[in-house]
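Pasting the structures here.
Common to both upcoming complexes is chain A, partnered first by chain B, then by chain C.
Entry: the complex of A and B
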């Protein structure tokens, strides 16, 4: 029998992991919901931004908040570049071509990162405290990214609901032509959406480097999981993705404690497949 | 000088030509109707004016600025608001957010509070339902929202595409009544309609469009509704 304290710790870790997964899932989902294209290479952009913070902080010794700013700016620029160079020219073409194009970007980024930085795992060392409450360890390397991630999601929510540009982003997802009739250029809105999605990838990279080392195939670690969370929550459904992130993180963490980490992922994927039969429209899909 | 002037506009989709050499003008303060049967090119005409499609040939001038070929989002800032066919409100957004979208342009944002008060006075139902999802409104309310959203951009000219389409007969009369009130606020209106009888009571002048060509033009009071209906639907 497992000591219940481990289960409580696993549940807490699930919440902390869920916060980061939610940031990844919301970024990918925002772009899908608005532009109707899945950036298969989304987590590979995160990987590039992790290298940015690794080099600035660990190699050049810049303060961590400067490195984080560099990662954020790089993320936004990459988002714009992906849209302008890859997405925009194929906006009108078949969905499978768009999928293949962003899939091609994935292999490009992985190979390019391998070429530039080799396959070494690189870690940024932080000397941050860890707290123990009733036998449960709460390291700052998890608490700080979780807190920043939650704040970022609140800011994203306020941006999407309170500002004109945010409202236009939600509007263009529903009716592109009607949005143009409001005086808002759909192309500009797509560009802003891609920049925001990229910014979130940059932030996710800056937060993930606290707990994970970066290597060219980092995308393989989180990419499928992120995509799965978006589908489980209902592609394009932001509250759905948020809830699904925590559901998946809890399954992975708790099953990981009871059996093993590998088993945690196995069960998470099985739950995902079963849910696709039970609720194909996503966790929070409206019943017809 | 007319507020809006189209000269020899030819437009279409792909290999199909929907408008042939159409000329039309709207003076400031006027209400003008374009009537005609289904497929006459009425919607295409409005889409050319608001920039949703570019004309193949011809001139489009608004307050002496050439607008032909400009994209839709750039044309709005000149003071043209298009209430499209089928209303095209944003169904998942609230009523209030739909109206906010209408005031997207910087000039309209500055006048937001004033415009909103005006729209809510004109359409009190929208004020009551401002937190509701727009998709949950009735057809008539959605039409009011579409018109209100257009007014939020502070337009000089409003293009209305089939405002009575798909509405219950009682609602049709109410919508025409509301358009009359919008008119009295001083807006210039170009309306496309199949409901010839009602629209002729509303406007100063009318054009009859038939298979992409202007067939008849005249003052609404002088145009015999019977003639118009016969020409438009029987073709005699």
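Entry: the complex of A and C
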């Protein structure tokens, strides 16, 4: 039998992991909800941003917040580049082709990263404190990213609900043709959405580097999981993705402690598959 | 048409005679590349049986890995011949295919959602292989236990020529199946389902039966391809035979070639393999990752500029040109 303290620790770690996953899923979900394309290479953009913060902070010794700013800016630029160079020429193509074009980007980013930086795992070392509460360790390297992630999600929520641009983005997500008829330019909105999605990728990269080392195949670790969270929450459904992140993170952490890390993922994926049949519209979808 | 047929016959004759052509040192290498092309084209063809009807699977690695590992493990642990092991592998793949396709069809999981469900299935198989590392070898993979010398029973041969002809036959058999499906009632039914499921059901097409049947067929063929590949390489690895990477590669090759034509999968596979081999030779070990980088870049460009696939685009171009000359001919003065 497993000591309950490990389970409690796993559950806490699940919440902390869920915060980061939610950030990843919200970025991807925003893009999907508005542009209706799944960026298969989304987490590979995150990987590139992680390298940015690794080089600025660990190699050149810049302060963390400057490195984070660089990662954010790079993420937004990459988001715009992906949209302008890859997505906009094929907006009218079959869904498979759109999916595959970003799949090609995945191969490209992984191999280019291998070419530039080799397959070594690289870590940014932070000397941050760790607290122990009743036998459970809570390192600041997990708490700080969680906090920033929650703040970022609140900011995103406010951006989408309180600003003019945010309202326009939500309008496009609801009905593309009608929004165009109202005089809003979907192209501009796609561009802003891609930039915001990229910005979120940059932020996620900046936060993930606290806990994980970066290598060219980092995307494989979180990529499939991120798509599944988006679908589990209901593609385009923000609160759904938020809840789904925590559900998946808890499954992975707790099953990981009981069996093994791989089994944690296996169970999470099987839950995803079953949930697709039980609630195809997503966790929080209303029954029609 | 006769020209195309003649060229095809010459090409086939060359392929049949390849082991006797005076190629010198290149022959072994060429054989190796061709075997890979045949096996992966067969697998791509199996994928396109679903893909062309809108069942875009991003998890065919599941069937591939399941097939390859079943046969490999049965041989390594119990010495069961891969002929029977392959049969077990096919049965398991059909079962898995039905297990995925049945609920997907019943609950109308289609489009993006179908792709992502199959992607999850592919990852589950890969992770299970890694998790059960005690007997699957985990992410290090597993070598097939060598038989004493050449053995038909063990499907192991020192000479590549045997594998060459076997894979050529496999590929031709795959084309035959593809053609049979292409000319069957199932094709019309599946096309109707792909267009509009409700409408198809309303005219009496049994949607679930056709979808599950087609998935099972595709899964079975993919498993056969997995066994064939594992026997040739005599090594299995979860990252090269299951999961998202290999699944996407299969889809890429087929989409690149064009999934609606008989030879599309073959053309696409031949091109991607030739391209990556060429880049690997040119760039060598000096620039690790560069070959794949160019490969990824070209894939993006191909998808943007040739959305119907290379073979598909070329075929329609030829057709348009021919129709154009015919129209011009009839319109001109007699």
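By our rule, the second predicted complex is superposed on the first by the 284 of 288 C-alpha atoms of A that agree within 3 Å, B and C clash if a C-alpha of one lies under 4 Å from a C-alpha of the other, contacts with A are read in each partner's own complex, and residues count from 1 in each chain.
FYI, a contact is a pair of C-beta atoms (placed from the backbone, for glycine too) under 8 Å apart; a residue touches a chain by one contact, two chains touch by 3 or more.
This one's a predicted model, so the numbers in the text were calculated from it and none came from an experiment.
Asks: First (chain B), second (chain C), both or neither: which does A:170 touch?
Replies: first
Asks: Applying the touch criterion given at the start, work out whether A:112 contacts chain B, chain C, both or neither, answering first, second, both or neither.
Replies: In the superposition, A:112 touches chain C alone.
Asks: Between chain B and chain C, point out the one touching more chain A residues.
Replies: Residues of chain A touched, chain B against chain C: more for C.
Asks: Counting only touches as set out at the top, which of chain B and chain C does A:235 meet: first, second, both, neither?
Replies: Touch status of A:235: second partner only.
Asks: So, A:180: does it touch chain B (first), chain C (second), both, or neither?
Replies: first
Asks: Indicate the residue numbers of chain A shared between its chain B interface and its chain C interface, in ascending order.
Replies: No residue of chain A touches both chain B and chain C.
Asks: For the complex, give me every residue of chain B touching chain A.
Replies: Contact set of chain B toward chain A: 50-52, 71-74, 76-77, 81-82, 84, 88-93, 97, 100-105, 108-109, 149, 153.
Asks: Mind pulling up the chain C residues that touch chain A in the complex?
Replies: 51, 56, 58, 100, 103-104, 106-109, 111-113, 115-117, 119-121, 123-124, 127-128, 130-131, 244-245, 248, 251-252, 255, 287-293, 295-297, 299-300, 303-304, 307
Asks: Can you check the complex and tell me which residues of chain A touch chain C?
Replies: Contact set of chain A toward chain C: 38, 40, 86, 89-90, 93-97, 99-101, 103-116, 118, 216, 220, 223-224, 227-228, 231, 235, 259-260, 262-263, 265-266, 269-270, 272-273, 276-277, 280.
Asks: So in the complex, the part of chain A that touches chain B is made up of which residues?
Replies: 164, 167-168, 170-171, 174-175, 177-186
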